[in-house]
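My questions all concern the structure below.
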Amino acid sequence: MVKMISEFKDGDRISGQFLVSNSAKCLNNAGAAYMNLELKDSSGNINAKKWDASESDESLFSIGSVVYIEGDVLKYKESLQLKVSSAKPVDNNDIDIAKFVKAPPVPKEELVKRFFAYVDSIQNEDCKKILDYLIKRLSPKLLDHPAAVSVHHDYASGLLMHTVSMADVADFLCKYYPNINRDILISGILLHDMGKTIELEGPIVFKYSIEGKLLGHISIMVSEIRRAAEGLKITSEVPLLLEHMVLSHHGSPEFGSPVLPLTREALLLSLIDNMDSKMVIVDKALENVNPGEFSTKVFPLDNRTLYKPKE
Amino acid sequence: MVKMISEFKDGDRISGQFLVSNSAKCLNNAGAAYMNLELKDSSGNINAKKWDASESDESLFSIGSVVYIEGDVLKYKESLQLKVSSAKPVDNNDIDIAKFVKAPPVPKEELVKRFFAYVDSIQNEDCKKILDYLIKRLSPKLLDHPAAVSVHHDYASGLLMHTVSMADVADFLCKYYPNINRDILISGILLHDMGKTIELEGPIVFKYSIEGKLLGHISIMVSEIRRAAEGLKITSEVPLLLEHMVLSHHGSPEFGSPVLPLTREALLLSLIDNMDSKMVIVDKALENVNPGEFSTKVFPLDNRTLYKPKE
Amino acid sequence: MVKMISEFKDGDRISGQFLVSNSAKCLNNAGAAYMNLELKDSSGNINAKKWDASESDESLFSIGSVVYIEGDVLKYKESLQLKVSSAKPVDNNDIDIAKFVKAPPVPKEELVKRFFAYVDSIQNEDCKKILDYLIKRLSPKLLDHPAAVSVHHDYASGLLMHTVSMADVADFLCKYYPNINRDILISGILLHDMGKTIELEGPIVFKYSIEGKLLGHISIMVSEIRRAAEGLKITSEVPLLLEHMVLSHHGSPEFGSPVLPLTREALLLSLIDNMDSKMVIVDKALENVNPGEFSTKVFPLDNRTLYKPKE
Amino acid sequence: MVKMISEFKDGDRISGQFLVSNSAKCLNNAGAAYMNLELKDSSGNINAKKWDASESDESLFSIGSVVYIEGDVLKYKESLQLKVSSAKPVDNNDIDIAKFVKAPPVPKEELVKRFFAYVDSIQNEDCKKILDYLIKRLSPKLLDHPAAVSVHHDYASGLLMHTVSMADVADFLCKYYPNINRDILISGILLHDMGKTIELEGPIVFKYSIEGKLLGHISIMVSEIRRAAEGLKITSEVPLLLEHMVLSHHGSPEFGSPVLPLTREALLLSLIDNMDSKMVIVDKALENVNPGEFSTKVFPLDNRTLYKPKE
Amino acid sequence: MVKMISEFKDGDRISGQFLVSNSAKCLNNAGAAYMNLELKDSSGNINAKKWDASESDESLFSIGSVVYIEGDVLKYKESLQLKVSSAKPVDNNDIDIAKFVKAPPVPKEELVKRFFAYVDSIQNEDCKKILDYLIKRLSPKLLDHPAAVSVHHDYASGLLMHTVSMADVADFLCKYYPNINRDILISGILLHDMGKTIELEGPIVFKYSIEGKLLGHISIMVSEIRRAAEGLKITSEVPLLLEHMVLSHHGSPEFGSPVLPLTREALLLSLIDNMDSKMVIVDKALENVNPGEFSTKVFPLDNRTLYKPKE
Amino acid sequence: MVKMISEFKDGDRISGQFLVSNSAKCLNNAGAAYMNLELKDSSGNINAKKWDASESDESLFSIGSVVYIEGDVLKYKESLQLKVSSAKPVDNNDIDIAKFVKAPPVPKEELVKRFFAYVDSIQNEDCKKILDYLIKRLSPKLLDHPAAVSVHHDYASGLLMHTVSMADVADFLCKYYPNINRDILISGILLHDMGKTIELEGPIVFKYSIEGKLLGHISIMVSEIRRAAEGLKITSEVPLLLEHMVLSHHGSPEFGSPVLPLTREALLLSLIDNMDSKMVIVDKALENVNPGEFSTKVFPLDNRTLYKPKE
């Protein structure tokens, strides 16, 4: 039977792909080795046991990998547990990603459409060339990438969702602040976090690549723009302005930007990024809070506890 | 002849109101006392001398006061100077404020209309009552007040301009972030800086009142809302939410907010306030900068120098 | 048998009120639900089990509530345990507070007497009126309130104890620093922490109220004074000075005061508050330390470990 | 005629000692060198000119030195000026210190009496021995020393005044906080700033000695106590406790104490020191401020401006 | 059988000295007391049980003590365990230190030789006298002392190793920076951490002494140099320069130096100390990391994770 | 007569190139315009007047430019002054740089030789290729560039001097810390500041380029290495390690490095850079200080004043 974890019932015989989110080799009272596992899909997680663990089980069930499992659901101390009868590895290309990663709140097709509508709206030729070059170079990862390091807090195409959402706000503000150069601002937004496709890697559970740790997505992306501009033989000031926007978009050295935003567009980009990120965090933090109560501590907001008003 | 300072010519005989922006009693080589003055109107400033200063001249020409002056324009070392022949004080009620304070970029009538349109758009009754009560209480100062301490950096109705501008952005974002309670957010924005009408005082050159220094506009306004709510016998949570938004709108203790924003609306208000203030600062800083050059150091932006792109 | 927890013996049959300081619903090996509890009174705490937990037991034994319990004391793994045979809720008004909260080191009656002696010693009429108004408004909570959020570190009437203790020190220092206005200083001290009666709530275990979290006791109290002054039609500078003292008494923004102390009396109040709070913390921290040894880390003193000299 | 500067009149012929508080060699229009001087005594200061400056005049009139001068008072541009006719150096031992340094608010004899009364009140023998040894070693400077680096902000015996003042407060608080060891606390207070007699040097205008800059008065005094204890063959814990109090009395590393106060007495000493220093600063800052007005910025209190209430 | 822990095998009967690194009195299911112990020698650690614990066992097996143990090695849940059959205390003088503390990477004899070669290379007589005096006073601890508080991270003679290592670097740099006074720099390095022999105490597991906590090794050593200089009747500036180097060698107040390095030699000493300490930390952190992987978080390097390149 | 400024004498008639270090258009008493100038060469500076300033003089004498001047030296108020009789611009290519910039303490030829000796000593092929590529790309500026923004504090080839000096120290330390990869460390040092040739621009007085301000020399150089590696088709980890070293060499975000040094070589590079920079600053600061005295405040060393020992 193929089922999402949240639908498991005592007595089910199950088969399908599962993400190993925790794994440890243990000894039972009789001294026999077994694997104590936590398995996940996008609907939930379940404890699992693989008794009589073999030599190879430890690497098969390595944390972050996806494994094809057959087994039986049973009840133990009021909780469901999966007793694994057989298991085999799944090739990265065969992973059924939709099973593990939450869908974005807006369908991916819609996001892709809006993203490319913004690309098409750019009239400055140098901006356009650089965008086309880098989108091609970093696709298709660009379109599926989550915005942050872990599926725990994110969903598929999160990077795209965040980018399009910022562009929407920027598009409105361009009308509001007449001195803003819309082509530069929108181009900067479309590019600003693309370096994350190199900074973070992994089939489902994303983690920092070596390059990501040693350079960070900001420096990676600055180099990418410069390289693109040279390859495209662009001589205008545009690449410099775009590099500066990417370099400064975290707002200050303590948050990872070695230079402060020094142009109107760079400053506005960093402010929109800050606003949009925080509103997403607040929405998540208050999602399951009852009216008239406080959330638990919200780490990325200085550990404050947020309040949901009574009505 | 009545003229703005920027139009003065060598040989003009001048009469009219002037703001004393600097003043010092000096001795000439012969040991005689004279007043060395800097006079201002909204068009510019000029050095002036009142020879044979009397006892009372020092208080007549106190810095920040408006004086009615008659005198002659002459040229000295390539600059124009005003030789004051007679001077008398101007009563606060007779000051021709329009002569000293820059007009806002949008006409005051337009700002007032938009401000009250936002008030009218509020549907929550408790928000409405509190707004009506406090707008009445703090008018007409509310409608003319500059946003900051000094006319050097500001214009008439600056407070109104800043408030309406934030409300415009908020109005758009309410559509964008569906969980926002628009009535609460817009009401908070309309109220958030009203305490400045008590914090700052003066006919033209604004400075901190004693109350402003000992309490600050944030604490003043929190008390005003509480007092209003009690007088209006409001028992809902609305006054608490509005007080919290005012109290937290500077974002953190180091910027004057003793509590962090803990509701969705409070956080968004502080982010919009931050964004709108910074964009105004950037516009001023880059106003007279040539393309391809940097501004001087911008104090309220951590002394950075801003860049205006080449085109 | 009615007994304090510290006097329980193996085999006792016990009845009486207990504070639930910890509570969890668990399953035994046989899959049956039971409540695992920690019960407290002012003498100590004990583990308790309520076997065969019913649906309603989870809310009955909610943390922070007081419950009337009958049961048997028994010994398990060298520790005493209470086996609960029956339990029922206690109405807030019926709680025997003296059983749960440590008595203050000085009897409450004595503290109340000294508190009102300070009130009576004030000669400035406006100070007097405001004090009378607010004491009446915030009594009787004012006289019983602990000084901090939890009985773990505090005793009944702790707020009164701290207030009277500061007033004693201030009274001496007024003689020492002749420029101090005693009426203002003593009034400020009597008022400074009264907002805690609104900030913290609960029958025994105090926790932050919604108002406490969204505004804090400082802002709450500033509004209270302003409201009192308006109701009393006071036109002197006294309310402003008292509001400023309350607003600034934590000494700096990082500790919750949005303005720095700007008057002699406000500065001295904040220094005495700091001194008296720290000396109380030191006394508690060294209470059970042997001469020649160090305390454990003291969190409110930057985690330092304090030393008790050998002699 | 011998007169204090504040009593100088146009036409006076003057002789006496003066402190050179500023000095520069200048050229007049004719190219001739002259000394442009500022002279001080405790009553005020005056501009002075020594025309036809010789080679040796530059070192004679070095800043901080005391010079015996004869000359004439005259009026120049509404101000008095002293035309120096002759000048000669004054030996350090012949300086009439009382002419230059403000008398303390309490007579020195009274301060000395109270200081030694505190010494006599100590009953712990080891404290007593160390005090006697170090007072003898550092007298008579100890009794005359100002508390800070410059006569601009201080008066003679300022160190003694500050020490006795702190001891008075401590004496009261010992009754209030019963766990305090009075002998240790009072001894620590008497010793805590004695290192300043080595840190600062100069006949009248005090400045940091080389030792003062390279070690600081805190480290100097810790070594002095240790050396005294060894010479006196004291084996109790007393010297260690006193050294710790001196070492920690600035309260934290950022203010110059490499260790935090870790004993009750060390913590109380640092709190009393902080309080007494701040109250002295406030008194000075508000000395010449009118009721209802603010002081200028007070540097040692984070540049705040202090308010003197209306009455 | 006498064996190092890493060589234990199931069934061995063992006797010898062991360091108690963890100890707890527990109850078994039958309610009988036993000691649950962790024992260490320099080769590793092992869990041990002493069944039927007597009253005195808790103090015998106090953490940090060395105990002579006889017992049997057995296998439990795949791990080895030592069943203690008898145990008795070991006198501090009889402890076989070499069994517990890792040998330094360079033999102690070699380190001692190089240390005294540096002492002999000093030509300034005052430096030489102070060094001789203090080395004699603080030996033999000086030669065996670890550099830090715990054997977990250190080895015997670690202090000597660190000192000689810094002297080697300094010796090279003296040639490189010609203005450095080699005698002063090398003397400062030889002295700079000697205070740790007083700050830390213990037979094997070192911990802070009372003096160490109340004063710190820096202040202790400054006093030692001053005392030495006085005893040796040295009148040159040398002791002051050496005291300053010790006092400032942590570089800034936040790291424990109340004065900043103000001489060339003091600054260079602090830079070499910083460099040598960090390189040692890096070596330890990367010791067991595979090429192409990151270390765990390194606490003394701001919790960064270090990278070992692929080859 | 062609002379360095320090050799000017009253009455000299002078011709030659001068750097305009300050320039202002002024009016004399008669209302006529003149240029008030400060001229510099590497030997010193002199005040100069160009009377009867023409329209074009203001741009001719722009600050930072080099001008060919003929004029007369005369004495005014005890100082020498140059009266400019004629002046004309100097083409950048014709500037006699050696006249304005101090020679390095080691001859440039020697520095170049040592620099290329280090390049030749690299055995890793990928390091070698990248070095060769970038040295070629950034020469000849690389060999002449000062290390910092202004000739006031620097000399010709300062960048080369600093680089070679660091390489010397690194070369020694590689022997000392055996785990260091010498090729990586030395290559990183040779590359680490090369971005300054793009960050700073100007014929003599260097200032930040637009690219320098918007990106900074660190980000510029990271992109250069990446571009080089791609052009050279290098696939090893070497470029990533070199980019990381450049990116992290300021040690922490507050000093401009967005990532902390995470490899052994990156950490050591940042430590050597810090040490060598500080020793150069100290040498300059103490250059003209007498033994037994303190320097003025040294800005790049936290404004401390340095002490030069008595001997």
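When the chains are written out, they are named A, B, C, D, E and F in that same order, and each has its own residue count from 1.
Convention: a residue touches a chain if its C-beta (ideal position, glycine included) is under 8 Å from a C-beta of that chain, and two chains touch if they have at least 3 such contacts.
Please read these numbers as outputs of a predicted model, since none were measured by experiment.
The chains that touch both chain A and chain D are B, C, E, F.
Separating the centre of chain C from that of chain E, both taken as means of CA atoms, is a distance of 45 Å. Computed from the mean C-alpha positions, the centre of chain C lies at a distance of 63 Å from the centre of chain F.
In chain D, the residues that reach two or more other chains under the touch definition are 210, 213-214, 241, 262-263, 294, 305, 307. Under the contact rule defined at the top, the touching pairs of chains are A-B, A-C, A-E, A-F, B-C, B-D, B-F, C-D, C-E, D-E, D-F, E-F.
Listed in rising order, the residues of chain D touching chain E in the complex are 210-211, 213-216, 218-219, 222-223, 226-227, 230, 240-241, 243-244, 247, 253-254, 256-259, 262-263.
Taken together, the chain E residues at the contact with chain C in this complex read 27, 31, 210, 213-214. Interface residues of chain E facing chain F in the complex, by the touch rule stated above, are 165, 168-169, 172-173, 176-177, 179, 181, 184, 237, 241, 260, 262-264, 267-268, 271-272, 274-275, 278-279, 282-283, 286, 294, 301-302, 304-310. Every residue of chain E that touches chain A in the complex is listed here, in rising order: 77-78, 292, 294, 305, 307.
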